[in-house]
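These notes are about the structure you will find just below.
We call the chains A, B, C and D, going by the order they appear; numbering starts again at 1 in every chain.
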Amino acid sequence: MTISEDEAAQWWATAVSHIEPGSIELRDRPIQQLIGEVGFVDIIWLLLRGDLPSSRQSALLEAALVAGVDHGPQAPSIAAARMAATCGVGLNNAIATGVNMLGDAHGGAGQQCVEMLTDVRTLHEAGHTWDAAAREVMDDWQRRSRYLPGFGHRFHPRDPRRDPLLALVDQAVTDGIVAGDHLRAAQAVESALARRRGGARPVPMNIDGATAVIYAELGFPPPLARGLFVLSRSVGILAHAWEETGQGRRNKGPLPRSVLPARLPPQQQA
Amino acid sequence: MTISEDEAAQWWATAVSHIEPGSIELRDRPIQQLIGEVGFVDIIWLLLRGDLPSSRQSALLEAALVAGVDHGPQAPSIAAARMAATCGVGLNNAIATGVNMLGDAHGGAGQQCVEMLTDVRTLHEAGHTWDAAAREVMDDWQRRSRYLPGFGHRFHPRDPRRDPLLALVDQAVTDGIVAGDHLRAAQAVESALARRRGGARPVPMNIDGATAVIYAELGFPPPLARGLFVLSRSVGILAHAWEETGQGRRNKGPLPRSVLPARLPPQQQA
Amino acid sequence: MTISEDEAAQWWATAVSHIEPGSIELRDRPIQQLIGEVGFVDIIWLLLRGDLPSSRQSALLEAALVAGVDHGPQAPSIAAARMAATCGVGLNNAIATGVNMLGDAHGGAGQQCVEMLTDVRTLHEAGHTWDAAAREVMDDWQRRSRYLPGFGHRFHPRDPRRDPLLALVDQAVTDGIVAGDHLRAAQAVESALARRRGGARPVPMNIDGATAVIYAELGFPPPLARGLFVLSRSVGILAHAWEETGQGRRNKGPLPRSVLPARLPPQQQA
Amino acid sequence: MTISEDEAAQWWATAVSHIEPGSIELRDRPIQQLIGEVGFVDIIWLLLRGDLPSSRQSALLEAALVAGVDHGPQAPSIAAARMAATCGVGLNNAIATGVNMLGDAHGGAGQQCVEMLTDVRTLHEAGHTWDAAAREVMDDWQRRSRYLPGFGHRFHPRDPRRDPLLALVDQAVTDGIVAGDHLRAAQAVESALARRRGGARPVPMNIDGATAVIYAELGFPPPLARGLFVLSRSVGILAHAWEETGQGRRNKGPLPRSVLPARLPPQQQA
């Protein structure tokens, strides 16, 4: 009995790349025409979308990728990658350990924020003012979660990455590179949130919100906000794992060894 | 063009299990004859080796699996799994995060110790006394590494798991369940090490050494010492990840949030 | 400036285990009292719940753990672990690769099924017949998903693990070991499903459903259905990764090397 | 009892980044001075090394990063990431699954090749001709392994990425951007290998060899050849995982479902 080779070949069919002996094509372009000709950010765009960005689109994507590379060892993904690097595994395994932790709570806010901004835009297109659209979507979101994805930061009163990123989007809107709808949606949410909190500490857009604006303005679907953040944060994860490797620790735990975790009484068990 | 179905089927050929519609065989035994009839430890043995252990062999393997289940959050694998559980990923991803860190330095000592004890036994079979064999292998090992796998513990002056495990092996040797060669090899290394250190703090066998004796006596090849340890420690990893889930933290870092990691001057970079 | 040591110790506080130099306690029991005394399945229960099961509770849990150990290389988790084992990583990394893939679609059905059965039981306690409760919960579930977790199998017309597992639960109900509410809930769903499908191919309970009944009857919360399945399937993942190691392949792909994945035209891109 | 906060802070000390409320510094540079000003490739260099590259150094690194992004679903890492994407895990978990498999055999050749080229250069500096140095190092390497890292490709008679990458290094040597010693070492190995094989099919430098030349010429230590490859290949892993997500499969195995893995007889067990 046989199956056609085509059946097996179709099971793994892909438009991303095509490889034959002596030939590598990425999105139907021979690799030798890309090496030295196309930048790393452009090839990210090409593989994900099938075409090449304009230089201004690429610059906007690049700024978002640069902004997210690292947030230090207080981030669980960075800490875990550093610990993994001391456990006798390859650098790739240490990076995978960190990337694996960029889940819904740690790396998913950008994805959720793109969804939220898209909802605001949809309501606005249906006739709501930006403010009314923002408030309705916020209400809906806050019914389901106490976190509004992309706004506020547990650590920074004002995320230092917000202003430079939004300035770049602003300029891109002015220059007609992107439409600006998601920027307006995000600003509407930020304003409504500030009014709602009255005199309380404001919760301005954070890195996830500002990069979500960029990814959404460039037309990336929500899950790719997380995917692109992974590419960005992988840089910091690698840098930290590599630095830790050079420090010679072995089986590094979360605390200096003299500190013993406390005993939780049985009645407090989860 | 076709390939034979057999070629594709052979690419994934296995003796571990065979699945057809309505039928599941593990090592050629129908699953319905195993459920409720064969214990969990026995099925571990069956899948790895193709036959079933005697009840005494199974009891020895079980003791080793029980001994290694947990060593608290100071272990990087446990800490990372707990942190992962707060990042918005599934419990399986949290477990994978911990297991991924059981590398050469964190989970590989048992594997290395089985290799070392086997070397001692081989020299003894070639005519060396146990002591001479142990000293020669130790010398060789210590030329390559400052750690002698399976001996000493950074935390416990005497690992509390050593004595009960070795007592079980002792009894199994007395009863003719296992041959005892790897036990003698380990004891020879432990004695030689104690003499070599003179009055200094002794470095008795640890959990990796004592379980390596068991795995080797039962005939498991060295890499399965790591594999079996992974099955054992997965229990603690799961229990800790689950407990953390119940505590409601989000993106838990390695330190309380008030503590900021220190700034390392550039000249100390790795 | 100082923080109290207690603050750092509390950040990692746990009731699962307590380690001090020379002492290891699991759920407040010295490890040396557990080794050789308590079985592997019992220690799983102990670490997750803080107490020890009765021998009949333990036997029921053991049957569920045995039933799920393997489903061959057609399962993506098994295939990925085998491929990982040929890529030059440790056996622990190969296992982690497989475990990481036991997500909502591959390893989460048990968890979802426990939730569903609990909903059925809650409605029954509120006065519905078992049948009415089952139909209402099924309707609700099927509005959200085309899969009813724990019922039907893409491969087996009738899962060979269903009958032996349910026979054990039946006996345990008869003997007063478990209450039987979740079993009745599952049977009600199975019957309602059969009637609804009329003469069409029935979709009987599968491994996820039958083990969900056991986990729920034993009082495990839904996420632990996934956690326990991970412990079980890790055995098969290890056995397959280890077998692959012995076959000497290097960088094994999903298809024999002569088969090239087909080229998907650009317009079919995701 | 207290520990100094500094002790905990020092445990996680790093030169990579420094975060305080309202401030993020990467290698002592405020993030707001990097966003929109520094490219993504430059920030990779900055985080790994602490300084910024010249534009020509950056272009060389960029070409290497572009060259390695993808090699299709026949690569186990790509296939596993695609399978993971159908299992109900986040896109970050799918990427981690692929990255985790870039081990010594799948992603480590670049690292090994940098080590080998550095050995050749060291012998040359000690007085050997390039050819004699290459032959001695090759002999030494081939005694330990049947693979010479960075040369030959199981799939491509001549890797299409070799020529464009080496042309860029050649130009950089001509222009005084890099010294060219590692390029000469690699060419010496390639020539010696061709002569040794006589009329047999030659084994020219592959992607791992050509990028190893670039990484070594730019001064990256060997393990970062693997680290940088991980950053590069993560792009293809993401693109494939994302494409698979759009195809709607669930629990995709390695073969079309009609093909059952063959039964391996017990005597062939590993």
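In the analysis below, a contact is a pair of C-beta atoms (placed from the backbone, for glycine too) under 8 Å apart; a residue touches a chain by one contact, two chains touch by 3 or more.
Every value quoted in this text rests on a predicted model; they were computed, and no experiment measured them.
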item: Comparison of B-C and B-D (more C-beta pairs in contact); value: B-C
item: Farthest-lying chain, centroid of Cα atoms versus that of chain B; value: A
item: Chain A and chain B, separation of their C-alpha mean positions in angstrom; value: 36
item: Whole-Å gap between the CA centroids of chain B and chain C; value: 23
item: For chain B paired with chain D, centre-to-centre distance based on mean C-alpha positions, whole Å; value: 31
item: Multi-chain contact sites of chain A, meaning residues that touch two or more partners; value: 3, 5-6, 8, 11-12, 14-15, 18-19, 72-74, 79, 88-90, 92-93, 96-97, 100-104, 107-108, 155, 242-243, 245, 254-255, 259-261, 269
item: Pairwise touch network: line, ring, star, complete, or other; value: complete
item: Complex contacts: residues of chain D adjacent to chain A; value: 3, 7-8, 11-12, 14-19, 21-24, 26, 30-32, 34-36, 38-41, 43-44, 47-48, 59, 62-63, 65-67, 69-74, 79, 82, 90-93, 95-97, 99-104, 107-108, 155-158, 160-161, 163-165, 167-168, 223-224, 226-227, 230-231, 234-236, 238-243, 245, 255-256, 258-259
item: Parts of chain C lying in touch with chain D, wherever the complex brings them together; value: 1-6, 8, 72-77, 79-80, 83-84, 86-89, 93, 96-97, 100-108, 154-155, 242-247, 250-255, 257, 260-261, 269-270
item: Chain B to chain D touching residues, read off their complex; value: 5-6, 8-15, 18-20, 27-28, 50, 88-90, 92-93, 100, 254-255, 259-266, 268-269
